[in-house]
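The structures come next, written out as structure tokens.
Okay, so chain A shows up in both of these, paired with chain B first and chain C after.
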Partner chain A sequence: MSFLSAQGILIFFLLGMFVFSFFSEQFLSQSNIMTVVRQASIIGIIAVGVTVVIIGGNLDLSVGSMLSFSTVLVVDLHDKVGPTMAILMMFALTLMLGAVNGILIGFLRLNSLIVTLAMLSAIQGFVLIYSGGQNVDIANQGGTWFAFFGRGYLAGIAVPILLFGLLAILVQVVMSYTSYGRRIFAVGGNPMAAVYSGIRKNWCVFSTYLISAFCVACAALVLGSRVMGSQNNVGQGYELLVLAGIILGGTSLLGGAGSIWKTVIGVLILGFIQNGLLLMGYPYYIQWIVTWGIIILAVWLDLANKRKRLLTTHS
Partner chain B sequence: MTSLKGFFRGRTSIQPIWVFVLVIFIFFSFMSEYFLSFGNISNILVQTSTIGLIALGMTFVMINGNIDLSVGAILGLAASLAVGLQETSMTLAILAALGSGVLLGAINGLIVWKTGVNAFIVTLGAMLGIRGLIFLYTGEQSFYALNFAFSDFGTSTIGPFPVLAIIFLICTLIMHLVLTRTGHGRNTFAVGGNPEASIDAGIRLGRHMMINFIIVGFFAALAGVLLASQMGAATPNLGRDYELWVITAVVLGGTKLTGGYGSIVGTLGGVLAIGILRNGMNLMQVPAFYVLVILGAILISVLIIDKKLNAPSAKEVRI
Partner chain C sequence: MFKKTTLAASVIMMSITAAQAEGPYRIGITQNNVGVDSYQTTYESAFEAAAEEAGNVDIVVLDAGGDVARQIGQMQDLIQQQVDAIIIWPTNGQAVIPAIRQAHQAGIPVVVTNSKIAEAGLEFIAAFSGPDNVQQGISSAEMMCDALGGEGQIVQIAGQPGYTTAMERSTGFEERLAEMCPGVELLETQPGNWNRERAQRVMEDFLTKYDRIDGVYSGDDNMGVGALNAAKGAGRADEIVFIGATNFAVGYDAIERGEYYGSIYQSPVDDAEAALQTALDVLAGEEVPKMNFFETPKITAENLSEFDRPVF
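Presenting the complex of A and B:
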């Protein structure tokens, strides 16, 4: 039973893959799997950062607007200052937005849900002011190495997948094997106890928002480079898909628990649901209804397991 | 200082949001000559009635310590049903629309009750799922109202007063009385303030929360029907981002996300603040983008002021 509760979501995932493979022959082909993972990588990269925020006991709803901001910025600056400077400036400004979130939530200790909700609308406003309500494009689509991040391949694997994998492994290692990671878990699990044991809680919370912003900047790099242009609302709704992926993976929103690989699985489930349903000929919005059902099922199963464990430890 | 503290906590008779409403009201009446006209004031009330109606129900849910992110989607579904079913019978269509809101609210509440899962997660899932149902039902098409009685209703007036504004104000009054004068209202505060104590006091927690989810579902559907009637149409994306506006209005009105504290009068102030800001800046020809930035800045400032004035005393442990 304990095996099932820990690996439940993985079993669920493999079972789903098995079922889908009966309905469509293409589903389990290597090229299809690669396509799905590549499409999921943008949501995945953001979800890695948001998982860290959630483990630290907070939420980040502003990632969708931030993605619009960073993508518009990097695409617009590309023609003006060249790709290297554009990328550097985009990372700096995105990290600044993360720092604003971090100061308000970490140091002023405001409610993260409301702060990032306010930031969501404020940043969307900034994007519209900056772009004048217009979409931006890269003029010279052919002759720039900027395209590498979204369309390139390295050793036969698409660069977005590599970036997603690298970030996920890096952050998972940091969270499980460093004292920094343990501190984030402690702060999210029991803030009072964390403070008593000498952890600087405010800095920990602050840093999680920098990580989240960094991941958004990486996602913007992939998105901007793949499209070589950007709509000014390109990130709208991403925060919810990201959260759906994290919840599907089984990370609780209460903080203090969770893991990056669970999030990776959750994001992939979301991707494969969409892809599988499309291959079976259903329109894209059917995946939303299916996701609704699966989220409820997943959290219900997770909770039932926790209750059982709680009962056995207490009796 | 104590009185100022009490003022910002909303414990005195005037709430801070109403001072803000008054300030921007005076500001805009100096900035634009059209602002103070009767037509514009009733315009503001009509424009805010949609967000305002949902905010009434959301206040109950948030005082309860929960949140409902699916209200925008419920609004969209109700609007589509009200316009989509008009050919069978207008009465039936409106009943189906309102019924869908009640049913979806009940489903949200039932899941929160039976699974004990955080309302944020449950209604986030519902938000995606219900939006999917809208697309499924409408086939991604917009519907146009053919029934003139329906499409005229949204713009009709009783004497000089627009009907939508009257409906909103009457609902506000009713919900204020329910919250302050009835057992259900008292229980709402009790459950949000201390769930365990309220179970001990004999409140049936699950049922109680479910009723509040039904209330917000109903108001979201009502707002959807009225909005469809005002526009004479329903689009599948109708109500998108409304949950953000509604939560912003309720928080501006002083209701605490942690539960146990809030008021309908405050929410009315929050709704009016947003309505006046949008309308006034529109009259001053400020591009709509700036409104988003200013609203975000105001929301964060309100939180900071509130935090500063409610800072725990030195005796408490700082974390």
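Presenting the complex of A and C:
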């Protein structure tokens, strides 16, 4: 595999940045880059988890509703039981939702598309009942250390960016250098072969949904703290943006291949496209059309590349 | 349970007083999307409370869940049930017109609540009851003009694209601002989709793009507070005037803290009560103006104490 096709998405990314910088002076300014990365970090954190699920050969469409659930929960509980307990309870309950996905898909072997699509609606319904249709807000918007996760800085870097970076590095290391990571790749690539080689496939699949839920909980922490409140449908549509970032990064939806690193790049491309178009003054609709146009282009390039590789190996 | 009490209450009222000769009326309401948005959720409970208060009304409460097709189905159900009047919170001001015409032809008066329908449908409705969103935009423009002393450059974060409410507020704001305050320049408008997080992101990009922003107009306070958050994050909140609409509790608090200049007070309780009253007036055969707007006053730090903190 040539360097060009392997790093195609990175080259595409740098090219895009170059083009945008002609149209907007501020685009490549340090503060704008920081703003975009911070904005992209919520989608990015979720995408890290979903990439693991996809490498394991499944999908997770429930992350959008789960994000609404976790954000409403942590913000609502903040004023009732204090920030520490609120965060702990939110993580516990979000992981439970992940476990439900994991049991249905890992152990009962139901189709992940159907299960997570059903969970998407079910969880959203649950959020609406829990919140009574009302928005939730943290009463003391200024004076709570909860603000740290969304608005704080450590060593001059915004906390959301740090969290995103740390999670991405951690998961990338686990996926590339541990036997657990290799097993996930094996299960996603060829489930039968994985089972015959003694991998406990059910547990592997189950665990990927826990990782996904954990990432959603981290994202909810950032989101709730950034906004200091939550609308009950705040995560609506996030599942698509997350998928878009992953696809742009070049992770195959068929499982068994992909990398966190590329997902990070994919999510950043998404963020920079939207930011760049906005800085250029294009309205919202154009952003959507361009974003999805680029995604279709990326999928097509990926497929064309694979076909070529297939042809060269067979001839 | 609740409806039984309502019915029971109205029966008792009937037997006690002969003056309550009209009714009991059966009024059906089909709402847009209860339970998703705070305003509509509060509206629904206020509507039920108002119906109980009125005594001579039995209500059928339906919700379209934002789905036009479902709302049209619900309209047809209500026509089938031969209710005395229908109140509709349109999911889409154009698509519901045929269903409204059907009700009209069946002799059932229709009151449109909160959001307007397209011009073509007006001949089929008995009345519209709701806030005047164009006027709200005008009021916001006037506040902006006062706050900036007629000079400056501002940005706008509008509501969901395609929503009548969003468009009317923007139109009212932009036209009045241009007319009253030519010294204030509107640099750019982007939608915030009634979503605080999205508004926050849009404002962050505006702050990058423009070195000087003197004011922000947001289509509602929820988005306005998002813009305020972004400006605080960039350390530029002090130099910017924030003006919103549909006063939310967070907006009310921000005005109280002096971080937010002003907003438009729009109570879902007033909205619900006005809709029910309009329907009752129509049924009682009273002369009702076609466009029945309830009051949506300006709210700033000066008159804040005259208003209750919003419940949503």
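Simple rule for what comes next: the second predicted complex is superposed on the first by the 314 of 315 C-alpha atoms of A that agree within 3 Å, B and C clash if a C-alpha of one lies under 4 Å from a C-alpha of the other, contacts with A are read in each partner's own complex, and residues count from 1 in each chain.
Basically, contacts are C-beta pairs under 8 Å (C-beta built on N, C-alpha and C of every residue); 3 or more make two chains touch, one makes a residue touch a chain.
Every value quoted in this text rests on a predicted model; they were computed, and no experiment measured them.
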Combined model on chain A: chain C and chain B, fit or clash: clash
Touching partner for A:285 - first (chain B), second (chain C), both, neither: both
Which of chain B and chain C A:39 touches, first, second, both or neither: second
Contacts of A:190 with chain B and chain C, given as first, second, both or neither: neither
First (chain B), second (chain C), both or neither touched by A:133: both
Chain B versus chain C as contact partner of A:247, first or second or both or neither: first
Which of chain B and chain C A:104 touches, first, second, both or neither: first
First, second, both or neither for A:122, with chain B first and chain C second: first
Residue contacts on chain A - larger count, chain B or chain C: B
Partner chain(s) touched by A:275 [first = chain B, second = chain C, both, neither]: second
Chain C-contacting residues of chain A that also contact chain B: 128, 133, 283, 285
Touching residues (chain side chain C, partner chain A) in the complex: 34-38, 40-42, 161, 188, 190-191, 195-197, 200-202, 204-205, 208-209, 222, 225-226, 229, 233, 248-250, 253, 312
Residue ranges of chain B in contact with chain A within the complex: 67, 111, 115-118, 120-122, 124-133, 135-136, 140, 244, 247-248, 251, 257-258, 287-297, 299-300, 303-304, 307, 317-319
Chain C-facing residues of chain A, complex: 24, 26, 29, 31-32, 35, 39, 128, 132-135, 137, 141, 151, 223, 226-229, 231-234, 275, 278-279, 281, 283-285
Touching residues on chain A, where the partner in the complex is chain B: 104, 108-111, 113-115, 117-126, 128-129, 133, 191-192, 195, 201, 240, 243-244, 247, 253-254, 283, 285-289, 291-293, 295-296, 299-300, 303
